[in-house]
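Next come two complexes, and both contain chain A; in the first it sits with chain B, in the second with chain C.
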Partner chain A sequence: MNASTLTLLLEGAGVSLALALTSIAPATILGAALTALGFSRFAALRVLYRLYVYVVRGTPLLVLALLIFYALPALDLRTGPYIAGALVLTLYVGALFAEVFRGGVLAIPRPQWESAKSLGLPPAAMLKKVIAPLVVRYTLPPYINVCVMTVKASSVLSIISVWELTLAAREIIERTLAVFTVLGVAAAIYFIMCFGLDRLGRRLERRLMARGFAGEPV
Partner chain B sequence: MTYLGWVTTYGPTYLDALGWTAVIAVLASLGAIVWGCALLLVPLVAGRWGARAVDAYVQVFRNTPVLLPIYLIYFGFPLIGLPWPAAVCGGLALVLQNGAYVSEILRGSVKAIDRVQFDAAKSIGLSPWSAFRKVVLPQVLVYSIPSLGNQVVLLLKDTSLLSAITVTELTMQAKLLTEQTGAAYEAFAVVAVLYLVLVSGTEVLFRAAHRAVRWSR
Partner chain C sequence: MIEVRGLKKAFAATPVLRGVDLRVDDGEVLALIGRSGCGKTTLLRCINFLEDYDEGEIRLDDHPLWYRTDPDGRRRRVPDQEARRMRQQMGVVFQQYNLFPHMTALENVCLGPRFSQKVPAADALTLGRKLLARVGLADKVDAYPVHLSGGQQQRVAIARALAMRPKVLLLDEITSALDPELVGEVEDVIRSLLPERIMMVLVTHALGFAREIAHRIGYVAGGVIAEIGRPEQILEQPQDATLKDFLRRIR
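Entry: the complex of A and B
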């Protein structure tokens, strides 16, 4: 384990983190949109939600990634592995976020809905002032959990030739056969990233709770 | 080639790969449950150091992707004189990874058991090991069935990663067929459907088991 392999691994870690973070933002939006679909008046939209979540959560991420990786060139979109990887990660994590947000909405106590309706709030205001703060408050721990899962899931993209930490480690191993040291260091780097993200999330949670963020007594 | 033609031509190949996926998933699930129970026992025999060691183990496997243990065992074991077949290496990695999650699930269920049970077991003179085997473990396993079902589904999906170490399970088979025939959509669509069938089947199985066990109590 010399400095150059360590630098290589850290570069890979940077790519993994970047891939995860650039997938989390659109995935959050996708998840929120899907959750809205799931609560729609129209049965067809609700069925669409169930179908999407069923397929995306029932198929392994690798199979989804390979499907998109091979399907994009067939649609004449030669964008390369990184875009395909980020796309797949967004679609996959979007479904996970949709389930998380759905759980948050379902956890809102009935009195909140009734008082919002009795105040005559329009849907937009109700969303902004009642639903969103409560859902954020309820879903922050599982949301952070899914963010950590995204970082771990980015390693699967190494199999569709996205160069990130796992692929970097594998390439080094195939060159040098220093299996245990290289994978040990790679594991440590993943651990620091995931554990750190988890701690950050918990600190954020504590700070939100301290301010009595969403209606619970301080 | 139409989808139907595809299915009839390559059906047997897929079934072969499906068999591998199912066998690895079942054996690795059983192994993970056994390993999870073993991890549960460690604090009982090794005290606080055991509890800390298990906690560290669980944290390591919760915060690292499952591909790393797979590569570690597949590439590393031959170097220390254990050239095991790829499927065994992959299965072992899945057992180690999912055993950590299983032990967490079981620990949660242990906490859900009434204290009265432990006192009653001691009062009728059961040794700690017998108490564990005859009183605690059955109840823990029953309480954990839904969560264990969840974990088994995750393990089933993780078997697709074994394609990275050349195990001929479903995903590997799809890749091979794509390379042979160039028909990516058909190959992966069929595999996706097969995974959905496996996952749904597993969920149905665990729900039925949960219902069956609850009635018998």
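Entry: the complex of A and C
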């Protein structure tokens, strides 16, 4: 493997990472909004939540990617493959985040709700000061888990011609036939990205736990 | 003044409160005693509407709480916003302290004033510091609950309840979860509140403490207040047969 091949792979990795990050951010907002629907007092909104989560989670990412890739032009929305890819990941990961956050809300002990209630906290303050901080602490490990998965899942988007690490690797393989070297290096790069994300998660965890949270970091 | 009239509450098909009538006057300290499962905690929780009830009326200073009766006789819950205002007039202290683990002692105490009563941040902090000093925790303002003993956590919880300047303190077995040597410091804080003549309703198993601080003791049995009166009366000349039996067992 020569330097230009490696550069190409690293460029692809940059796109993969950018894809993951530009999807994780909006997916977090989508997930939080979905969770709010899931706990709505209106049954219709709760059904909407379940419908979204079950349908999206029950569809293979590959199928969802193809569906959106072909659906966008049919809807007269002309976007590049990158935007389509980020959209696919956002919609998919949003459903996973929603379930992660829902688990966090369910994990809040009843006495905490009662304390907040007995203080007469208005809903906005209750969410911002009590629910959200607790959910963040409870869900950080599974949240990071989904983030790591997102980095790897971005490889699926090569099928809809998003030029990222996996597509770059396949192009190089077609030219050089160095299947195992190139795939090996690509896998190593994926590993390093995921490992970095993991470490970041751990640091965040430790920072949050140190601020008085009952659980000790493991 | 708190008035409870004909309060009924059932969990599924099991009636817990079968028509409780109760009146607590301003400045009065009322202790509720009774066997575990008799409904005394449920009664306390109903007063703060942490527990819904099926029938009856609860009034605070002559204003009906939690439910309104429409002109057509239908019972309707008050809107959430009104319920929050009602809750702000009461301070609750729980058996398990229930401090927010992600907030310092000071943040715990300031949360209600700051966000429920919209007190300016600086004033809330001053109030919080003052109250924590009052419960003997001036040096723990920045400590997180996990770093405090049970007794200290419960004192923070009392300060948190007081921070709302409540008309009544509802104390639910506040020393039951504590190690015996920590009970005293929490009881001392409650004692120190007595000169302020703040209305208190406490559910307790500590008969000695109840006798010392309460103006009246109510014995809850069979889903009603079976007997109520001055502490000496209740503890020394009980009339109710089950109360006599209860006192014999507990001593």
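Heads up, the rule we're going with is that the second predicted complex is superposed on the first by the 212 of 218 C-alpha atoms of A that agree within 3 Å, B and C clash if a C-alpha of one lies under 4 Å from a C-alpha of the other, contacts with A are read in each partner's own complex, and residues count from 1 in each chain.
The rule we apply is simple: a contact is a pair of C-beta atoms (placed from the backbone, for glycine too) under 8 Å apart; a residue touches a chain by one contact, two chains touch by 3 or more.
The model shown is predicted, which means the values in this text are computed figures rather than measured ones.
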Which of chain B and chain C A:48 touches, first, second, both or neither: neither
Comparison of chain B and chain C by chain A residues contacted: B
Partner chain(s) touched by A:36 [first = chain B, second = chain C, both, neither]: neither
Chain B versus chain C as contact partner of A:21, first or second or both or neither: neither
Chain B versus chain C as contact partner of A:112, first or second or both or neither: second
First (chain B), second (chain C), both or neither touched by A:120: second
Touched partner set for A:131, first chain B, second chain C, both or neither: neither
Partner chain(s) touched by A:60 [first = chain B, second = chain C, both, neither]: first
Which superposed partner A:83 touches (first chain B, second chain C, both, neither): neither
Touched partner set for A:74, first chain B, second chain C, both or neither: first
Residues on chain A lying within both footprints (that of chain B and that of chain C): none
Touch list for chain B against partner chain A, complex: 59-60, 62-68, 71-72, 75-76, 79, 157-161, 163-164, 170-171, 174-175, 178, 184-185, 188-189, 191-192, 195-196, 199-200
Of all residues in chain A, those that touch chain C in their complex: 111-112, 114-123, 125, 129-130, 133-134, 137, 211-214
Complex contact set, residues of chain A against chain B: 54-55, 58-64, 66-67, 70-71, 74, 148, 152-156, 158-159, 166, 169-170, 173, 177, 179-180, 183, 186-187, 190-191, 194-195, 198
List of chain C residues in touch with chain A within their complex: 48, 50, 80-81, 83-88, 90-92, 94, 96, 98-104, 111-112, 115-116, 144-147, 160, 164
